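In the two complexes below, chain A is the common chain; its partner is chain B in one and chain C in the other.
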Partner chain A sequence: MKNQTYIELTDTLKQKINQLLNEKVVDYVIGYEKGSLWFKTRPFMIRKQTEVEKVIWNRFCQFNLSTFLKPISQRGEKIGIVAKKCDLKSIVELIKNNQVKKENLYIIQVACDGVLNWQKLENFSGIPVSKVIEIEENALNLVIKTSESSIEVLKSDCLLDKCLVCDFQHSTYADDFISISDENNHEIRNQTIPYFESLEDVDYEGRLEFWLKHFSRCLRCYACRNVCPACFCPTCMFDSQEGLWISKESKTPENYVYHLTRAFHTATLCVECGECERVCPVNIPLMKLNKKLAKEVKDAFGYQAGLQVDELSPFKTFCQEDTDEFK
Partner chain B sequence: MEIVAFCCQWCSYAGADLAGTSRLKYPANIRIIKIPCSSRINPTFILKALSKGVDGVMVAGCHPGDCHYSNGNYFTRRRLTVLKRLIEFCGINPERLQLYWISAAEGGKFAESVKDIISRLEKIQDKPFPKNSGSSL
Partner chain C sequence: MSSNNPETKYFLLKKSKVKDLLNTLYKEFEIFVPVEEEGMVNFKRYKLNNNFNMEFTNTLLPPKGLFLPQQETLFTINYKKEELIEENLETSRRIIFGIRPCDSRSLTILDEVFKEKSEDVYYLQKRNNTLLIGLGCSNPQIYCFCSSLEVDPGKDSSVDIFLTDLGEKYLVTANTKEGQQLIKDLPVYFEKAGEEEITRALEIQSQAREGFSVGFAKKDTEIFRDVEIIFEHPIWEELAETCLGCGICTYLCSTCHCFDIADELAKNEGRRFRCWDSCQFFSFTNMTSGHNPRPNRKERIRQRFLHKLSYFVSRYGSIACVGCGRCLRNCPVDIDITRVIGAINHE
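After this line comes the complex of A and B, so read on.
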């Protein structure tokens, strides 16, 4: 993948990580390395300076690495973490909810110009990604090259959904911001995309049918929960052996309860990072649920998750004057 | 018609008692579950009841300001506001979830509330969850 900006960003990032490890500012850094295929990346814990060479930063770094802070943050080590702007939101939520201490974190924000979705890339170019040997970029397009041909597709067609609605506020919580030029392509990324609106026109039975159809496919593999930075309970109620409130069987009504419960639990914590939907092996449109709930929380309490560490979540407080919708 | 009523032990449950000892008539469709405070309601209780095919769930607690634990019911009100919108989006008529404030002295209001939820449910057309389609648990 040829993109000068990303190559330069990677170099600066490597230098930064090297320096942090060298000066013992952090015990280790969570970043990205190359995955099993050319278009894949994977999370990478960098402990030694000899490992820094493997660090990458490119348009396929989709993971929200903050989710790794959930199990390890209690150990008291000082952790460096590579974060996109959107990942900062979930870090803010983790700090706010006492899952990690800010003083134990060193946040390296890296400029991000949108993450590519390889499935979309395949769909729009009609070329299986395994055949692709090179992708070049110009202002609005990606030039996808195979050994025989080359084809241009619109960048905006191939970005992750969340990147299309990314709203570009630079967080003040990062310790470092690695950028070269400011992110360009604002026009590509400041879109609005409908997540749940079409379902609002359907009657109740239609909506129930829609969700039951999707939830009937759910395997209860819990990948959505495990990847979610907002699901930080030490023992999830769906794993708990005491008080088995819902069956672990993957039956449709139980799955319905699972999903609505999880959506409710994460209602004031979800930062709309889209990881749950991305990892779901059976493509359940979980973001419809999350986006809708985020909108309702904003509507009812004027609250948005992930913005400020010192804000109180609406479920942890109340007003005597709250409107009573049950009158 | 089947309705599950979660009643706070300090007020609405006592209100239900009073309705009984005062021999007030109310529809016999409800199954009362005693809870320590309306804020003891875990949203999963409600979701589970609805997914088992009950027609409606009523939650009853002390009047705002009167909660035995000072402010549990204010939290309940916030949570159920969101839960109501969530079930509505996921295909359950929001009328199926009702929240009432009933004190221990309001036997009459308890009976009225049961009548109220029944009359609301009689008006709605869409079906609840199919009964007994899930696991036995």
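After this line comes the complex of A and C, so read on.
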């Protein structure tokens, strides 16, 4: 996939990482390398300068690398991290919640013009990824080429849902900002996409039915939890060795307990990065749940996760003026 | 699982007649067909006139769950009276319609495990009651690599009946007595195939072996025979840095078969069940003493690869992977078994 902007950004990013390693500003950098297939990328821990060549930055760098800042996966070294604008939010939450120290981090924000979702690419173009030879980009469209034909699809149709509502203006938190123009292309964004809105008008029975239907097929593979930067408990209650809270069987009531508990535990911490929903192998629409909780938190406390590093979470503060609506 | 008969016969089945055929078989069999739901294709129990999707590349979940369900009650007992209430054995006759060559191969791999020493009746009973109607691949997905594992995507003689897609119809090959009998009993659906169709099908079958995007050379798997060398290879450390320790690669794998067994008590009734477990979870090897022989992701991810490529080979003679590519497609951090095999040999 050719995109001059991304090629230039990658070059600058490589220089930056090289410099950080060279000057021993960091012990290693968490970035991306090429994945096994053209539409995949892979998280990459860059420790040696010889590895910098492999660093990439493109429209498939979807992974929210901040999850590797969770204490369970780090060893107290000074870490450089490549971050998209949205990833900064979870970094902010991890710092706020004492999971990582800002002084142990070097954040390299890279300009992001939206991340493509390969399943959407397939759905909207009708072309399986195995047949794609080349993708070109113009202002609003992607031109997807196969050996026989070429099809244009709207870029916005193929972006991750979160990119359509990406409005987070907050680059001051990064140590570096790698960009070409000052502003990214915002034309394709700011669309309203149906997340949980479709459930707001549904009555209690309907919502229960909706969630039971989806949770019944959950495999409890725990990928949604393990990928989540907000799930940073050293031992999750569902891994507790002292006693099982729920049966190991993936049955509906158990799965329900798992998901509701996780939703409540991540409320006020979830930055809506969408990683849980993206990695779920059985397409459970977890973002509907996360968005709903974020909305409730915002309505009740005027609080949004990931915005301010010095703003305390409503669950961790006590306020005398609280209207106390517990009934 | 059926006895082999060397005599194979070719028939034709019109696609437009498949639904009628299923409706007829439905009277006698429990049928599992590929069904598209919530953006995924999976084997689902067929109900009269149900829709199904035979144009799928492969199911998201492997068919192993039809033999080793994610959770399964083995038996219930009255624990006061010390009496068996019920043993949960599958008695219905079943058909899997449209199983792909990699997945049918995975069942013969699993058979080895569940037949060894003590026979696992819960698994084997289901296997013995199930007729497999296979479907050849002519369009391998970008993450398929069955051909690296000696699975022929175009032709599968391990299933009872095998279908080759000829566009409007299927060329039907009966591989076993049971398969032949089924065709014989339902002559309205199966016409004799002509020379021309057979030739065309053979062509399609041999073309299926082309067009794979990932894979590895067979000789690259030989290095795994020497556990001494491979056990301390630096790659495990490298993979452990990004592996999330989730259950995707093992739960979605056609051949992974580890399970946990537990008892549950309610009033006077005791229930023993088993459910899938994964070597990628900390709890899998955690002992009551508190000791865990595989405490870190490094040991756990190494276990997954070495079980497939090393331990299984020395025990049963084959690699416990059929190249279905499900792990590669679904791993959140793109850990790719073909790359791992390549990297150990060539990097």
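Here is the rule we use: the second predicted complex is superposed on the first by the 313 of 327 C-alpha atoms of A that agree within 3 Å, B and C clash if a C-alpha of one lies under 4 Å from a C-alpha of the other, contacts with A are read in each partner's own complex, and residues count from 1 in each chain.
The definition used in the following text is that a contact is a pair of C-beta atoms (placed from the backbone, for glycine too) under 8 Å apart; a residue touches a chain by one contact, two chains touch by 3 or more.
No experiment lies behind these values; they were computed from the predicted model shown.
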| item | value |
| --- | --- |
| Chain B versus chain C as contact partner of A:Leu307, first or second or both or neither | neither |
| Contacts of A:Ala223 with chain B and chain C, given as first, second, both or neither | second |
| Partner chain(s) touched by A:Val143 [first = chain B, second = chain C, both, neither] | neither |
| Contacts of A:Phe264 with chain B and chain C, given as first, second, both or neither | first |
| Chain B versus chain C as contact partner of A:Cys236, first or second or both or neither | neither |
| Chain B versus chain C as contact partner of A:Leu164, first or second or both or neither | neither |
| Contacts of A:Glu249 with chain B and chain C, given as first, second, both or neither | both |
| Contacts of A:Leu37 with chain B and chain C, given as first, second, both or neither | second |
| Chain B versus chain C as contact partner of A:Ser130, first or second or both or neither | second |
| Contacts on chain A seen with chain B and repeated with chain C across the two complexes | 247, 249, 251 |
| Complex contacts: residues of chain A adjacent to chain B | 196, 199-200, 203-212, 237, 244-247, 249, 251-254, 256-257, 260-261, 263-264, 267, 289, 292-293, 296-297, 300-301, 314-315, 318-320, 322-326 |
| Contact set on chain A toward chain C in their complex | 35-37, 40-45, 63, 67-68, 73, 119, 128-130, 214, 217, 219-223, 226-227, 239, 241, 247-251, 275, 278-279, 281-283 |
| Chain C - residues contacting chain A, complex | 38-40, 57, 60-61, 70-71, 139-143, 213-214, 241-242, 244-248, 251-252, 260, 262, 264, 273, 275, 277-278, 281-283, 286, 290, 328, 330, 332-336, 338-339 |
| Residues of chain B touching chain A in the complex | 42-45, 47-48, 51-52, 64-65, 71, 74-75, 77-93, 98-100, 126-127, 129, 133-137 |
